[in-house]
Structures are given as C-alpha cells and as structure tokens.
Amino acid sequence: MEELKQEVYEANMLLPKYNLVTFTWGNVSGIDRDKNLLVIKPSGVDYDQLSPEKMVVVDLDGNVVEGELNPSSDTATHCVLYKQFPNIKGVVHTHSPWAVSFAQAGLDIPAAGTTHADTFYGPIPVSRAMEEDEVVTDYEKQTGDVIVETFLKRHIDPDEVPAVLVNDHGPFTWGKSAFQAVHNAVVLEEVAKMAYHSLQLNPHHIEMDHYLLDKHYLRKHGRNAYYGQAIDK
Amino acid sequence: MEELKQEVYEANMLLPKYNLVTFTWGNVSGIDRDKNLLVIKPSGVDYDQLSPEKMVVVDLDGNVVEGELNPSSDTATHCVLYKQFPNIKGVVHTHSPWAVSFAQAGLDIPAAGTTHADTFYGPIPVSRAMEEDEVVTDYEKQTGDVIVETFLKRHIDPDEVPAVLVNDHGPFTWGKSAFQAVHNAVVLEEVAKMAYHSLQLNPHHIEMDHYLLDKHYLRKHGRNAYYGQAIDK
Amino acid sequence: MEELKQEVYEANMLLPKYNLVTFTWGNVSGIDRDKNLLVIKPSGVDYDQLSPEKMVVVDLDGNVVEGELNPSSDTATHCVLYKQFPNIKGVVHTHSPWAVSFAQAGLDIPAAGTTHADTFYGPIPVSRAMEEDEVVTDYEKQTGDVIVETFLKRHIDPDEVPAVLVNDHGPFTWGKSAFQAVHNAVVLEEVAKMAYHSLQLNPHHIEMDHYLLDKHYLRKHGRNAYYGQAIDK
Amino acid sequence: MEELKQEVYEANMLLPKYNLVTFTWGNVSGIDRDKNLLVIKPSGVDYDQLSPEKMVVVDLDGNVVEGELNPSSDTATHCVLYKQFPNIKGVVHTHSPWAVSFAQAGLDIPAAGTTHADTFYGPIPVSRAMEEDEVVTDYEKQTGDVIVETFLKRHIDPDEVPAVLVNDHGPFTWGKSAFQAVHNAVVLEEVAKMAYHSLQLNPHHIEMDHYLLDKHYLRKHGRNAYYGQAIDK
C-alpha cells in the first residue's frame, strides 16, 4: 500500500507539471485490485502541500480505510469507474481547459488525426446532461453512472477509449496505472486543442478515415487481431 | 495596519505570478472594516519595485492617510465597491486578456460549466457602456457606480458573483480578503478562456442547467439552505 | 554614443524577454538627434550573441559610420521613420504573432478598449499593399514611405499612435526612446491579442466610444488641453 | 559518423527546447551523403534519456547498421525523402500543434506574409488522404511516397518549400542539415499559428502578392537570378 501511495502521490504531482490544473482542480487515484482498496488525493489540498503520507485510502464504496484527511470530493465517481471498468487501475480528473471547452460545448472530441489515434481508438465521448434528480441525489456517484452509460449505449470499449468528457463539467481519464491515466490526460488535452483549431479551420470534415485510425491505434496498442474491424465493436 | 499592508503587498505580488498583468496593469486593495481604511497599491510602480512599506493607506473617500506615493488611479472605484458591497474586504482590478476580451465585446461570461459554478453563482455581468458625462466627470467613481448599478438592476448578489466586467475596460473582482479577491481573479480569467472556446465550438447553447449551477456553487459555498432556488433571488 | 549603444543593446534584449521574437526576427534602433546618427542591431545576429559593441552606427541615409557588422536589413525603413517623424527617438520592428496576424489579414487593430487607449489614441493602422515596383526597387526605403503615407492620408499623428502594421508583413513601433518603442511593441501585441478575441466574440461592435478613448489616452498622456477633441485632429 | 550522431542528437534535443513535441512525438535524422547512411532518433525514447550513443545508424533501406535500439517508426518515411530529394541532409517529423491543426483540416498553410516568405517560397502543401491499401501495406514508406507525389504533381521544388503536412497526421520538414530542418520546423509552427489567426480574421484574402513573396524569399536565399518569376517554376 505504501508503494501505491507513493505512485499516486507522484502521479498527482504530474498534473501541475503538465499544466493540467489550476489551484486544486484535479485528482488522481490508483487501485490495488487484490485488496480492492484505492488511494486518492485528499480534498482541497494544494499540490505543493502534498506528500505520500497525505494520500487517503478508501474502499470501493468510498469509506476511508486509512488517512487523516477527507478524500477528494470526486471519490464516488472514481469508485464507479473502478467497479464498472474492470481493467483499469488508475483514474484522473482535471479541469484542463481545452477538454473542458468541448465538455461545455456538449461535443465529442472527434478523432481528427493520428495524434488522437495513437492513444484513443475513436472520438472522446461527451456524456449526456444529467437530470435534476441525478444532480440532487448522490451526484458524484451518478456522475460515474452516466459515464458508464455513455460507454454502454455507444458501444465504446473503455480500454480502447480511456477518456470521457462529463457534460458541462470536464474530463476523466483512466489507464492500467495512475501514471498511464495521467499520460492519457495529457494526450487528451493536446488532441482537444488540435481538434478545436482544425474545426475552426474546416468545420465540415475533420474526422479521419477509419483505416488510418485502425492503423495508428492498432499499431501502437498491438491488437493486430482486431485490425480492420469497425470502431464500435 | 502593518499586517494588512503585508497582506495587500503579497496579494499584489500574486498578480504577476498568475500571469494576470502586463507591466503595471493591475492593483489589489484590502480594507480594515473597523477603521474604515483601505490599503492599496501605489500608482504606476513596477511589481518588482513593490514592498509592504510602499502600500498606500486611504480612507473611504480616497484621501491618503499614510504613505509617500500616490495611490492607484483606480482607488475611487475600489472605494465605491467597499461602500456598497458591505461584506467584501478585498478588491482586485486587472486587464487580464481573456476577461478583457469579453469586456470589449460587451458580453457577459456565461456560466458554462462547473468550473464557473464552483466560484460564481451565475454569469459574470458586463456593465453598460458609460455615458459621456460619466466619463468626463469623476470617471473612476462613476465606474464604481455603474458596477453597483449593474448588480442592483440585474438582481445579482455581489457576494455570490464576486466579479464584474467593466464595458470596454476590464474585470474587477472582490472577496472576503485581498487573497480571495485574487483567487477570484484567477478563476475569472480561466473561466473566460474556457467560455470563449466553448462559444466558438457551439455558439447556441453553452449555458449550464440551473440545478447543476446550484449543486456546484452551493456545495462549495455551503449554503444548503438556498439549494434549488432561482439564481436571481 | 557609447551610452546610446548600451541603451539600444538593452532595448534589443527586451524583445526575447517579452516573447516578441522568434530567432532573430526583430530589431531596435535609437537615434542621437544632435548628431543625426542612429544605433541599430546588426543583421542576423542571435540575441544571445549580442553585446553593446556589436551595435552598428549609421547616418540617416543608412551609411555605416561605426561597427564591424552589417546593420539590420530594415535599416532603411528606420531611417525614413526618423526623418519623417521628428519627435521619435526609438524604433522597433518585430514579427510578433498577434500583430502579424492582423497585418496578414490586412486589418487595422481597432481601439477596442481602455488597454488600447492608455497607449494608442485610435486604431493601429495597416498600410496599403505595396505595388510591385515599390517592392522591386528600394524595398526597405519604400516600406518606410508607405508607412508615412498611411499616417498622412489618414490624418493620424504618429506621436499619438506610435505603431503601424505593414501589410502582409508586421508591426513597427516607435517612441521617445528605444525603451519606449519596446514598451509600445509589448502593448501592441497585447491589444492585438485582445482585439482578436473580442472580434471573434462580437464581430459587429467592438470599437470603443470616442469619449472613453479620449479620457484614457489624454489622462495618461497629459494633454488635457486637447480633451474631448476628435481623434483625427 | 560520430560527428553526425552528435549533431543529430543535438538537433533532436532542440525539439523540446522549441516546444515542438509532447512526450516522444517527434524525431530528427541526418544523412551522410557519401556513405549513404542516416542517423536517426531511437523509437519511443524520452528526450531526457537521449544521448549521442543512443542514436541509430541505418542505410537508405532502413536496415540498422549500428546501434542497440530500434530506430524511429518513421524511419521508412525519412528514407524516401532522402532518396527522392537529393539536396537535403536533415529531416524532422513532429506533431507540433498548429501545423497538425492544418493537417487535420486538410488545408495548405497559405503564404500569408513575409514571415512565411523568408523561409518558404509558397504555401506549405497538405498531401492527399492516403488510400486504404497504402495505409495497410508499407504505411511509413507509402507516407513518404505520397509526400513526394504532392511535390511532383503540384510542381513544388522541395528545396524551396522544405515542409509538408501529411494529411490527418502532421508535418515533416527538411533542410541542408539536421539543424536547418529543425529551424524550418520552428518557422513552420510559427507561420501556421499566424496564418490560422489571419484566416479567422479574414477568411477571404490572406494570400500575399507574388512579388512580395519573391522579394522576401529571394532576398534571403540569394537567388537573384530568379527574381520576379512565377512561384511554380
């Protein structure tokens, strides 16, 4: 557990390094799948005040198991993602500005080029707007539920598209480790910026060809067996 | 008073740290509500030449009480805000570029997402253009008057939306301390940037649902008693 | 002359400090009005290789009077400006990206707000496109001539609007010293950035009221006697 | 060969210095034309882990001649360019965001002003979208072939326009050395940024006059004999 706390601490510290956060607007968690315990940033603590010992350990229902501080207010969303996406071991939430700009516009980030395809096997989906009752009751848990619903309804594999835009809110990314989830958050912000500018230059046609998407995603992620298949398998 | 001068000095130095100012285009003040005296940046002094001793103490009519330098040329505007908004203890003025861009366009910054709602309980209003006589006579005081008019006419509570865009000019923010006013100036610039890009992506619909605005603002600012009420109460 | 070389050297070094240049794309000069000699950056020398001794002294016809290196290829343009604008003592040329974007679009930078008015008493004019024969023969001198023509034809006082955009090229600024010319180049880039975003938000109406322009320009530049007069006097 | 490895190493290290790369998204190569061997960055190695010894030596068919690591996955593209463009000695590939934005929009970067003309004698062409079979088989080599086809079909001299945008992918630049290829990559990104903003301001007319393009390109590149000739000679 100490090792995971160290890793999650270091992953959190990468958020300001990569200019993904203003003030405390972001958090990273990692999970120990054997123990079903996750380590997450404490709520509202400045990044320059963080240390591995301040990380909070919670179970998958969000109960604090270890740590003196309250866990991130987004903990319930992280828990849903770990429960529903069984292959992931790290989750990141930020308010990185280019990704938020798409979330606030209620638009997917289109798969506009190979930079996108090297990491994400299709558009980054934006979730539907949440209903009033979903916001009023168990908001953070229901945020996670709406993310999962997005992937189910649109037949998107969360291992292939490890990111989402929560409508009028911002991005969550995930990965096989806390570090990989941060990596994906960096790529997400970069491809959001590029897609924005491409859309301004040419609003009508920036979606890349599927075979180019296949080539780049599958080349990098080594799933040659799936080569040439439709994106929504 | 020495403590307040130190605090106002430190708050001023945060403006260049957060990239909110070019040259000397910004100033922070703080007030001692018991003495009705405010401390403000001297006019036209470079940030790397500032020190706590150079801060200027003025009364609420803008008369210098202590200090060798002239106070900021915007002092009269600060005074109006302290007089009319009784709960605030710090005021910031900058020409931060994203906020100015909306001010020059004559547009509110819409409440486009949760980043906005975490700090501001509704759109950041832009004031009306000032009339010629308001500009010619007592310009800086009348700037304050037009800000106050904006909040009155639109039934906006300045404690809930601690920021304004002065038309064709730039932003003022405030808060319960000089530091909180700077914090709000940073958030303002960030949400202005995000709202700009969301509007370019989707000009027709970026205003967030009111219940999501309620949830995020009230969750963070602890006014559960007001939960679910209309924004213009 | 050594003092001027030191000043011009320091003014040149401010261009990379304020992020106004890529590689060697910029130059600053200063003039000694008694001797009618100007000091200018040598052509194509990297900023980190500059020193006061490398500055080149030329007369107002561009003949090298002192220095081992060739003067900036834009020297002839500087000379025209010093001859025709008798009150200026410093000139700056850069390819700063926001100003260039307007130059390439063939558009003035509108006076969109008080940030602009604090330094520039009206829009920054873009010069007309140069004719083929003006480009083929004495190009750099004719560039200066077209700048001067722009101010004459549009009745703009170069002391009140110390900047121009050369069509499809980039900005020149000037001032009462090399340092003030650099200051104006920084302001130009900042107001170009802001005007760009304001125009994207509201293409139809971003020009500020004349009395607000008057107030801010005249307040700062101390010409109260001209208060309320039309901009094109 | 050791000298070339040192040069290519240093040229690679300029990519992060000039903010052209995120993570490992870029590579530089250089060629020894006598030996027909090229030196290229190893694949997927972080820039802060690079050293001259880690550079990989390959022949013009991409076979590794020296080095313990795999060469960049883009090596086959570099090889095609060296074979078909006989005067070049350095090649750079990046995913620099402004250039990628045009590539994803499927648009040339127009020759919008003198900043562009000082380096590139005409628009930066975007290649056509690749066909499925070109992507499936020998993708990286065929990427090079499509680049060469673009220059042939449009009668563009790769020595005069040392850059291309691969459709939905990103830029390649080249030059008479690895360093010059990096220089061109920096200029490309800067002119892409400027052209983007000029196009947003004025979508209808930002292409510069041919005689101004001639003047600036030929002035800088010393081909006075070609002065005044059409761009597509």
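We call the chains A, B, C and D, going by the order they appear; numbering starts again at 1 in every chain.
The rule we apply is simple: contacts are C-beta pairs under 8 Å (C-beta built on N, C-alpha and C of every residue); 3 or more make two chains touch, one makes a residue touch a chain.
For each chain, UniProt lists the protein as follows: A, B, C, D = L-ribulose-5-phosphate 4-epimerase.
Values in this document were obtained by computation on a predicted structure and should not be read as measured data.
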Comparing which residue numbers subunit A and subunit B contribute to their contact, where sharing over half means same and under half means different, the two sides are different
Chain centres from averaged Cα atoms put subunit A and subunit C apart, in whole Å, by 47
Distance in whole angstrom between the CA centres of subunit B and subunit C is 33
By the touch definition above, subunit B meets two or more other chains at residues 200
Inter-chain touches occur between A-B, A-D, B-C, C-D
The answer for subunit C against subunit D in the complex is residues 22-23, 25, 73, 95, 97-98, 100-107, 129-130, 132, 135-136, 139, 168-170, 196, 199-200
As the complex stands, subunit B meets subunit A at residues 112-115, 183, 186-187, 190, 193-195, 197-198, 200-202, 205-206, 208-209, 211-212, 215, 219, 228
